[in-house]
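See the structures that follow.
Consider the two complexes below, in which subunit A is the common component and subunit B and subunit C are the respective partners.
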Partner chain A sequence: MEYDVTIGLEVHCELKSTSKVFSPSPNTYSENPNTNISVIDLGFPGILPVVNKGVIKKALTVATALNCETPEYMIFDRKNYYYPDLPKGYQITQLHHPVGINGYLDVYVEDKVKRIYIHDTHLEEDTASLDHYDKYSLIDYNRCGVPLLETVTEPCMHSIDEALAFLESLKRLFLYTDVSDAKTELGQIRCDVNVSLAPKGSKELGVKVEMKNINSFYNVKMALESEIKRQTELLNNGMEIEMETRRYDEATMQTYRMRSKEEAIDYKYFIEPNIPPIKLSYELKNEVKEALPELAFSKITRYINEYGLSLVDAKTIAKDKNIATYYENIVNKGKDPKMVSNWVTTRVLGYLSKDEITISEFNFTEDKMIELLDFIESGKISTKQAKDIFYKCIEENKTPKKVVKESGMEQITDEEEIRKIVLEVLDENSDVAKDYNPEKGRMLDFFIGQTMKKSRGKANPGVATKVLKEELLKYTNQ
Partner chain B sequence: MITKDKLKEYAEKLMFRLEEEQYDTLLKEFDIILEQMKLIEDIKEIDGIEPMTFPFELDNVKPREDDKVETIDTEMSLSNAKEKIGTEVKVPKVVE
Partner chain C sequence: MSYLDLSIEEMHEAIINGKVTPEELVKESLQRAKEYQEEYNSFVTITEKEALDEVTKIDNNDSYLYGIPCAIKDNLSTKGILTTASSNILKDYVPCFDATVVSKLKESGSISIGKTVLDELAMGGTGTTGHTGIVRNPWNKERLIGGSSAGSCAAVASGIVPFAIGSDTGDSIRKPAIYGGIVGFKPTYGRISRYGLFPFACSLDHVGCFARSVKDIAYVVDAIKGHDEKDMTSLENDNVKYSDLLDGDVKGKKMFYIKEIMDINNYEGEVDKELEEVFKNFESVKEKCRELGMEVCEESIDIRLLKAIFSTYMTISCAEATSNNSNLTGIQFGPRGEGKNIEEIMFDARTKGFSELIKRRFVLGSYVLQKENQEKLFLNAGRIRRLIVDKFNELFEKYDAFILPGSSSIAPKFQSENIDKLSNRYLLLENHMAIGNFGGMPSITIPSGKIDNMPIGICITGKAKDDLNVLNIAYALENVLGCKGQIAGKENK
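Let's look at the complex of A and B:
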């Protein structure tokens, strides 16, 4: 039997800030356990959390970028549960009045545009990290109180590809808006994945299974594959799916039960009384809106429509905000968008990935690229020469002008200069030249070859051909 | 209806355990608590009223600027920990 898959995602993202969301301790990663902590993070008696303005702005930025409605007041809730990674016995989060609701994000899934609906995005605090050993666990409270933004989608994705396209787009949104470093390998993005199966064409959703705390997009893919397979087999065998929370195990690439619906925790949410409502003024909301950069989806669409790039190239460039800036700065200097795209997607990105560096560490700056493209456009160097110059500039950290000058690579484009060489060639090969027949292309090729040889490869082939044709005709007419 | 089994179920969910006689005491106390609750139940016509979470409407609550940091001393923060290894707190193995 065939089934419709429905996927919903909850994505946690650690936000960047100087201090934590409710306490003044530093929001930086430290190798030394329990050094970035305050009494607020540790939940000492009598503590009062005070919200970080910078973090509110970042949360509001994401809510706005996700086209969400934003509330009049920032209000928090307590989520009560007992676990060693939560010293207060409750997590400060937002249930009743999230910073953003009813939003959406348009993403490209292959070559189609899919609108992913956002249920809400809400601000909360991260928990301590636990290290588990054979006989005991160790607690490092450094991560306690790190600002965490949780974005919850509607159950509106129907394939693994759609889920992954959304995750990649959301990660890019975090990077474009500069609210997070969004490094999955450092646990800065973590996902809960909900998946259900229903008979094909069914109007109702199947029973939902939640998989918690998946730490990479690759594991989201593997967990979904494994869970969809498990549920399909159960349904095909006439069994029912149980509503439960499961854990994905990387080693076995399978999901395992954590708890059933009956065992689900009742968090006894109530409004956090220690933080009075904070008004989100029109001015603040407007400031956030004005500061929002153009996002990847819009760039991709613009590159295709305005610059005529292919979807693949447009996506490749827009994938990294700094690459997109590099690309656009060159195009904005009047360079041909497609030509720049070719250089960026092949040479530049190729070099960056080979050397494992970022564009900001790359010494072939936008100005150097513009200089190089100028040389090509004016016909002073060939495309092949340009490639050599490109690598030489990087290796020797020089400008194209300098490399061209030093290596004497500059093409001769001046017609009269080339004519002098051509005339010398014709004199030296007057026997052949006399028999020149325009119908016989190979004769022309011979003379082009001789001209190139004499100019030591510097004559512009186009100009050389034109001059040769003129001079050969004169020769045969004599 | 609160029963001893219900209390044990809640205790399990909240991750604590009591002695039998403590459950008896708790059960008796619950009768009193439920009596008190009834007083609230008697208040009429409150369906359309939003629960009040803050006594005053304040529009001038200022969040904190994100410009400075302070920490507490690691040694001091760990001084009440029963057991530790290095600068981490050691607890019985917990894996959910």
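Let's look at the complex of A and C:
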């Protein structure tokens, strides 16, 4: 039997900031456990939270970028549960009045545009991280109080590809808006994945199973594959799916039960009394809106429609905001968008990935690229030469102008200059020249070859041919 | 007559004029603390060493509190000094930071001589549930002093210190102040920072103080109030010194009392000699108010709202308390429990660490927050709270304050019969002070007389941020009530 898969995602993203969301402790990643902490993070008796205003702005930025409705006031709630990763015994989060609700994000899934609906995005504090050993566990409170933005989608994705496309796009959005480093390998993005199966064409959703705390997009894919397979098999055997929470185990690539619906925790949410409502003024909302950069989706679409790029190239360039900026800065100087795209997607990205550096570490700046393209456009250098110059510029950290000059690669296009060379060639080979017959192409080739040789390859072949024809005619007419 | 029995103002002058040194005052204060400790049990910790050390370090400054000894409730965080909240679960807890109010006291040059006993975790009104034993009323050892700020009140009432810091969530400063015959004040919510106060119910918790006169209260509040970056609920500075502005000019001020609470017919079958005396005393207070040129009017409030105060208070405060104390699991704080897994370890630590009374409140708080009960219980309590506050704020458009008796009796005996918590006398007369916590209003109690040589008093509450007005009314009134500066067991000055 065939099934419709429905997927919903909850994506936790650690926001970057100088201090934590409710305390003055530094918000920096540290390998040394329990170094970025304060009494507030540790939940000492008598401590009070103070909201980091900068973090609110970042949360508002994401909500705005996700086309969400934003509330008049920022209000926080307490989520109560007992676990050693939560020293206060409650987490400050947002349940009743999230910073964003009812939004959407348009993403490309292959070559189709899919709108992913956002239920809400809300700001909360991260918990401590635990390391479990055989007979004991260790707690690192560094992560306690790190600002965490949780974005919850509607159950609106129907394939693993859609889910992954959304995750990639959301990660892009975090990077474009510069709210997070979004490094999954540092646990800065973590996902809860909800999946249900229903008979094909069914109007109602199937029973939802939640998989918690998946730490990479690859594992989201693997977890979904495994869980969809598990549920399909159960349903095919006439069994029912139980509403439950499962965890994905990387080693076995299987999901395992954590708790059933009956065991679900009642978090006893209530409004955090220590944080008065914080007004999100019209001015602030407007400021955030104005400061929002053009996002990847819009760039891709524009590159295709305005610049005539292929979807693949457009996606490749828009994948990294800084690459896109590099690209656009060159195009905006009047360079051919397709030609620039070719250079960026092949030479530039190829070099970056080979050397494992970012575009900001790359010494072949936009200005250098513009110079190089100028040389090509004016016909002063050939495309083949341009490639050599490109690498030479990078290795010697020089401008194309300098490299061209030093290596004497610049073509001679001036007719009179070429004429001088041609005349010299004809004089040196006057016997042959006298017998010149325009019908015999090979003779002309000979002279072109001689001219190129004499100019050490710098003579523009087109101009040289034209001048040679003229001068040879004069020669034979003598 | 010792200098320690004087008002803060007089003590200050004596220090400035060199008649007494801070060291002498602190030593005598410590002496009394130790001497009375067995009898009244005001202190969890008498910080003799720290106090004697501190007094050599303080700089003479403009503050009226320079060199004045004080006591601090043991639910305020004190760096390097045991702070137990009178609970077994924190019996060995030594904080690494000072509460803002403690820092401010240090800046003022006041010397804390000890940490005072409270009802465990500030939950309770008897002063009998602290882990180091019951606190006794200095006016009569057979009677309780009330709570939860029991030790702070007893320390001031018995003359150990001229002022003490407390906290007030329902009436935890003002009720004991009534029973101890001294002044108790909690200012507007946010006037004094709560940073470092062990939370009972954050939305109701106030830091406040005890002293033996309204002027002394003003000196103390001047030193400890002010905006605090560490407490988002703290108010902006009002940039005034209350002590400078008390003038006793209350002519034309308007107060009201509540008809339903002051109608003796509402207490059918519950009237005894003490209640009659309380009513009689209140009549005379009203008369004195009028003599001072104030108007005192009767206002009627839906009795259902008034009777709902207690359950509203319990619902909200227990809910917040169960969450606030969830850090006490024996993992980060408290003695480590035993068990096979983390749940069992926390379960064991909390089972051993809290008394029955506390656990009952946690269960109650947890119950009202449960998904299936929250709307009906917790959220409705919030709505009732709103209705009550709105009603009083409406009345404050016409009035400067309201005035009511602080209790229906003198301090009860330890072995008194269980109070009927559904009786009108309890619901109407013993719980109205929580209105001030619901609305964050400034509220003060001052002694207004005695029954059988045990103090009784009245409570004056004004609208939020109107602290000075409330203090000034109390200041004018205490001058004509004849109970100012009284110390248990000593002749009135």
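Basically, the second predicted complex is superposed on the first by the 419 of 478 C-alpha atoms of A that agree within 3 Å, B and C clash if a C-alpha of one lies under 4 Å from a C-alpha of the other, contacts with A are read in each partner's own complex, and residues count from 1 in each chain.
Quick note on the criterion: a residue touches a chain if its C-beta (ideal position, glycine included) is under 8 Å from a C-beta of that chain, and two chains touch if they have at least 3 such contacts.
Given the structure is predicted, the values throughout are model-derived calculations rather than measurements.
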Task: Pick one for A:Pro273: touches subunit B only (first), subunit C only (second), both, or neither.
output: both
- request: Classify the contacts of A:Val51 with the two partner chains as first (subunit B alone), second (subunit C alone), both, or neither.
  value: both
Task: Considering only touches as defined above, state whether A:Gly43 meets subunit B (first), subunit C (second), both or neither.
output: second
Query: Taking the superposition as given, does A:Arg78 touch the first partner, subunit B, the second, subunit C, both, or neither?
result: second
Message: With both complexes overlaid on chain A, does A:Thr325 touch subunit B (first), subunit C (second), both or neither?
response: neither
Field: subunit B versus subunit C, judged by how many residues of subunit A each one touches
entry: B
Task: Report for A:Met258: first if it touches subunit B alone, second if subunit C alone, otherwise both or neither.
output: first
Task: Tell me which partner A:Lys88 touches in the superposition: subunit B (first), subunit C (second), both or neither.
output: second
Message: Based on the A-chain superposition described above, do subunit B and subunit C contact any of the same residues on subunit A, and if so which?
response: 39, 42, 50-51, 82-84, 266, 273, 276
Interfacial residue positions of subunit B with respect to subunit A in the complex: 13-15, 53-54, 58-59, 61-72, 74, 77-78, 85-96
Query: Of all residues in subunit A, which touch subunit C in the complex?
result: 39, 42-51, 78, 80, 82-84, 87-90, 266, 268, 270, 273-276
- prompt: For the complex, which residues does subunit C have touching subunit A?
  reply: 75-77, 83, 85, 90, 93, 95-97, 99, 194-199, 201-203, 229-233, 319-320, 322-323, 325-329, 331-333, 342-343, 346, 366, 369-371, 374, 378
- prompt: In their complex, what parts of subunit A are in touch with subunit B?
  reply: 17-19, 24-26, 32-39, 42, 50-56, 74-75, 82-84, 130-141, 247, 258, 265-266, 271, 273, 276-279
